[in-house]
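The following blocks contain the structures, represented as structure tokens.
You will see subunit A twice below: alongside subunit B first, and alongside subunit C after that.
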Partner chain A sequence: MTDQLDASAGAAAPPAAPVARSPRFRRRRHESGYASGLSAIPWLIAPIVLIAGVVVYPAIALVQASLSDYSITGLRRGSAGFDNYIDIFQHDDLGLVLWNTLVWVVVVVALTILFGLGLAQFMSKEFRGRTVMRWAIIIPWAASLVITARLFTLILDYEHGILNQMLVTLHIIGEPIDFLGNDSWVMPSMILVGVFVSLPFTAYVLLAGLNAIPQDLIEAARMDGASPWRIYRHITLPLLRPAMLVASVLNLIYVFNSFPLIYTLNDRNPGFTHDTSITYSYKLAFKAAERSVGMSAAMGVINVLLILVVVMIYLRIIRWREVTQA
Partner chain B sequence: MNRRTQAFAVGITGLALTLSACGGGTGGSSESDGGGKVDSIKLVAAEYSDKTQGFWDAFAKTYQEKTGIKLDVQVVSWDDIDQQSSTMIQNGNPPDILNLNAYASYAQDDLLYSADDVLSPEVKSDLLPNFVTSGTYEGKLYGMPDLSSARALFYNKDLFKDAGIKAAPTTWDEFAADAKKIADLGDGVAGYAEPMGPEEAQAEFSIWMFNNGGNWKTDGKWSINSAANVETLSFLKKLADDGVTQNNPGKTNRTDGAFADFAAGKAGMVVGFSPLAGTLDESKKVDYGVAPMPTNNGDEPKSYGVTDYLMAFKKDGNADAIKAFYDLYYQPDQVNTFIKDEGFLPVTQSGVEKFSSDEKLKVYLDTLTGVQLTPTDDPKWDTVKLAVQQKIGAAVGKDGDPQAVLDDLQKQAESGN
Partner chain C sequence: MTLQRRLRPYYLSLIGLVITVVFVSPYAVMLLDALRPSGDVLASPPSFLPREWQWNTFGTVLSDSRFLNWLKTSVIVAVSSTVIVLLAAIPAAYFTARFRFPGRTAFLLVVLITQMFSPTSLVVGLYREFFDLTMVNTYASIIITNAAFNLAFAIWILQGFFSSIPKDVEEAAHLDGCGRVRTLWHVMLPLTLPGLVTTVIFTFIAAWNEYVVALTLMQDDARKPLTVGINSYVTGYQQHWDELFAASLIAVVPVVILFAMIEKHLVGGLTAGSVK
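Showing the complex of A and B:
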């Protein structure tokens, strides 16, 4: 029904628009002068220089580095051709690292969106202390990731961790759990922290989405006798989709690039057992026996391509659904 | 029309300015006109404690008063210093002096001045011989030692009393028995805190290795998987298997793991060094003693020593400024102040004499002249060390295989150049 409305409005608009707009444009042109391409240049200089310096130059440098052979000191010895890429693809731990990355990104983003939906719903309600709660939710986001991660190593530690002390005292577990050292607990613990720090932003994006849903639609559904769950599924969720799209794409990139959390929470574990592709890339350059800036840069290029492809596939899927559902 | 050209000109000028500013930024070192002498040099120093910055700032002031040359000081945390120095060299903009725990790869890449160029003979002859040896690559001294540390066995006197242990162990059998007695006290107390996690596993393994007659290299060849070393690593694994260490030693780091356990009174013994003593004295929570390491082969106890380096990068016209830097640094009132501030040990004969009156440091100073170091003079060690940090922890885990891990490390050490 909405589609039809949109279509008819769209069809009606074109003939009307030129008539309505042209006089206004003409008037403005006289008031403020005609903006030519050339006089726009001074205004564009700053952003262009910024983009060139912050995006283009580092990208070129990264690709150059990935094609170079470096000494452990950082001295460039010469060109390496594609050797760094070959070394990466032949690396014993690459499969494990990519698997960790997949688990990390998918689970953290999925759980974040799920809990974010609940939290946003909660925040949208009127109740006493709502402002306090909204502030409280922002804090984990405002805190530096390294500090948050350090705090969690203190909470989750085997010997001194508060969580273990609490669980043992309450007799929920008999023995403390090595959350950050036991191989089957490390990833779940990191995911917990990952969700914790991604929630605030997600909840706020979804809250904004919720607030944008016209109340009369929900009211109308309620008058028609729809149950709250039905209203949520058939009105709220579909209308939240743009907000969810934004939240999930930004989270995909944010979680994928989450270096400080994994690096800090995983710092006691030797090897690459719990690394994602971002910390793997860093360790290749500075912490592992490879000590190779070139290999690290190659992994950096692969990382960029990986996240680009993932986001593009994701957007494709979303759009495809929209088309099929309409 | 006029306005348009004006705007265009402004734009171009802006662009040109920005670009030239970028160019200036990467140039870095400030060479003065004429004689090719520098008027400032840059020091990148590792942050040992929160006193480090203060020392170097004061040092820079004195340096400038004496020489008229400005010393730019950049203090970098240990976590970041490898990355920062590597980036500086990648960009062709190394500092003039770099303070790091390795130097041989830099000497191999021909980036450094040797002592012949920048160190006065008096200064060189004052350095302790074993540090000169460890700083020498292919017959020339490149790694000037800034400070040193030596390790010894720390034990918790109260836990020893509770467990009925009279004196610190002198053999490995005694050590294992004592660790068991302490662990049997229960209450989550570990007999021995064994940090085999990535932070500094090579140090933990080194000191045990040396006290079993083993070494990383023997007669110039890698001997990582020698029978003695396999025995040592198996001993460390057995301690873990018997449950006399803290939980998961292969995944315990030194600073926030083993030292923290010992400082909290949760471990009977730990291999420590003078900065740990400083922390313990400050918190006054643990009554501790310091003893020489127990040995397994009846030899004299060995200590494991570490020294860090101040290396000098070859750049046009900076040799004299660097020489003046070293002359000043190795003045007894400079180098020893730094070492005392940081709680470490001296690197010079005059320093040893000066510190020998300090009762607390005696146990380390006695070992300092006979201290054993890791093969920092071999560039290959710079990567072997990292391989050890990332791999050896697995050997003391539940399904760990000391022989296989050491074979793997040996192979890695022998591979390539």
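Showing the complex of A and C:
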């Protein structure tokens, strides 16, 4: 039992202690027993059943649908081979949609991580009003995305929007801007809202990472005369890697799969001009002239493969074994 | 130097105030829109403050039996999903953290991949499946779906936590006569509290705000969760923006309270397990 006390006291121990303890600690945590596949079943059965029933089964149905021919009312008429995929690849708007997806994911994730890093850094400081600020930051995360999106359609509105009203009154702009209708403003506006709703979660993940960095390390570097920037560059950032990993992978997935935001903010605009591959897939079945369940399913399959490839490449770049190999 | 040092906390508080305003202001607009007649929301030119205050919107919403039904569904769904995620993820995370066995990597890989599926792309298949099982319009259908889509994150986070606990702790419990399940319950779980809290808040928020699956599976108005139900305040036929926004703000309150209660643990929990 003394070891348990030892380990949990590690964080509060005097500066020299954790350094001395770390090799022993490290060796110990990598010990793991061997077990047979059979003995693992009772421990893993619940997730296996849930994933098989709710993810794998509908995923197979999705693949089947993508290979089927449907009537305009959604009735299956038989097999279509790869026709749906061919239709997708020959679709005029596919290139535009993929470009939108790339811009949306890269810009939102990059800005979110960048601002999230600054925000987390600031949240870790001590000052009056910090608790209130931390609660305020939660709100966009706690609020329903659909409602936040509807709220922003009002705020950004050309005629009734309070933002245009404010900007014009303050003489920042001369004429109101059609944030959600003007082609050159739609994507930037959606990105702004996307970053806004992604920040709370990201800032909290990065804050957790910052809190896990031993303060004595930073103190020691300061004693050795390192500048704040060098401390940040050579101590904080490398030790923040695990938190950055969690934040960036989850953000990549969430932002790519983001549906309510784009669907709601872009609702007024016809065609696929500002759609990402997720809303494109949905509109193919339910909204666009195509009305094709098969094409929509094919795009759904392509979407899953896309995000899978992107995340795998990303994890390979940053060596994902850190995640799965305990 | 001393002057600078004395001024510093005020600078920080000032920046903190600016950040608070940035995050709150859209929702302040929401509050002000909830406190005016719906016609004033879309009036042109827009006014920041209501031209006519309407104080009873929150009372109207809270005494609306439809709203209370939606609220009930949201609470049932979010709480049940969270409990199921914990019950399913804890044993799996513990076992994969402690043992190597054939199929371990495959299991973790499949879990990681499920995180990448969006419910939006699977919703048609889900509807057909639950329709065949005659489970459309049941709480169980969306509870199970929410649980399954949040498992990956839970297993991922908890596995990191379990593997960061030294093995001696467990061996000591074994020597004291604890079985594996009792060791997990009495010794390991208290040590992974931050990880559990993280799992709870993530799953709860995700289930509380889930939209697409509930929209498709719950067509009985009384059984819709808040996210879906409140949209009927503003449709093509009737526009009660005031009630929509009042209801939305009420829906945020439970989450912020839950968060304020467990925030201290959360901040330690998000990555502690995965830090090397």
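In the analysis below, the second predicted complex is superposed on the first by the 273 of 326 C-alpha atoms of A that agree within 3 Å, B and C clash if a C-alpha of one lies under 4 Å from a C-alpha of the other, contacts with A are read in each partner's own complex, and residues count from 1 in each chain.
Basically, contacts are C-beta pairs under 8 Å (C-beta built on N, C-alpha and C of every residue); 3 or more make two chains touch, one makes a residue touch a chain.
Just so it is clear, the model here is predicted, and its values are computed rather than measured.
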Taking the superposition on A as described, I'd like to know which of subunit B and subunit C A:165 touches: first, second, both or neither. second
Report task. Check whether A:139 is in contact with subunit B, with subunit C, with both or with neither, and answer first, second, both or neither. Result -> second
Touching partner for A:220 - first (subunit B), second (subunit C), both, neither = neither
Is A:237 touching the first partner subunit B, the second partner subunit C, both, or neither of them?
neither
Note to self: Just checking: does A:39 make contact with subunit B only, subunit C only, both, or neither of them? Give me first, second, both or neither.
What the structure shows: both
* To do: State whether A:70 touches subunit B only (first), subunit C only (second), both chains, or neither.
  => first
**Message:** So in the superposed three-chain picture, is A:313 touching just subunit B, just subunit C, both, or none of them (first/second/both/neither)?
**Reply:** neither
After lining up the shared chain so the two structures overlap, which partner does A:153 touch, if you call subunit B first and subunit C second: first, second, both or neither? first
Counting residues of subunit A touched by each of subunit B and subunit C, the higher count belongs to C
(message) With both complexes superposed on chain A, which partner does A:271 reach: first (subunit B), second (subunit C), both or neither?
(response) first
Shared subunit A footprint, subunit B vs subunit C, residue numbers 36, 39, 42, 53, 65, 159-160, 285, 293
Touching subunit A in the complex, subunit B uses residues 3-4, 7-8, 10-11, 14-15, 18, 22, 82-83, 85-90, 105-106, 108-109, 111, 188, 197-199, 201, 246-248, 250-253, 256-257, 260-261, 264, 266, 379, 382-384, 386-387, 389-394, 412
So, in the complex, the side of subunit C touching subunit A is made of residues 9, 12-13, 15-17, 19-20, 23-24, 26-27, 29-30, 33, 41-46, 48, 84, 87-89, 91-92, 94-105, 107-118, 120-126, 128-129, 144-145, 147-149, 151, 153, 155-156, 159-160, 162-169, 172, 191, 205, 208-209, 211-212, 226-227, 230-231, 234, 241, 244-245, 248, 251-252, 255-256, 259-260, 263, 266-272, 274-276
In their shared complex, subunit C is touched by residues of subunit A numbered 1, 3-4, 7-8, 25, 28-29, 31-37, 39-40, 42-44, 46-48, 50-51, 53-55, 57-62, 65, 119, 122, 125-130, 132-148, 150-152, 154-155, 157, 159-162, 165-166, 196, 200, 204-205, 207-209, 211-212, 239, 242-243, 245-246, 250, 253, 256-257, 259-260, 278, 281-282, 285, 293, 297, 300, 303-304, 307-308, 311, 322-324, 326
Subunit B partner, complex, touching residues on subunit A are 36, 38-39, 41-42, 45, 49, 53, 65, 70-76, 153, 158-160, 176, 178, 180-182, 267-271, 285-291, 293
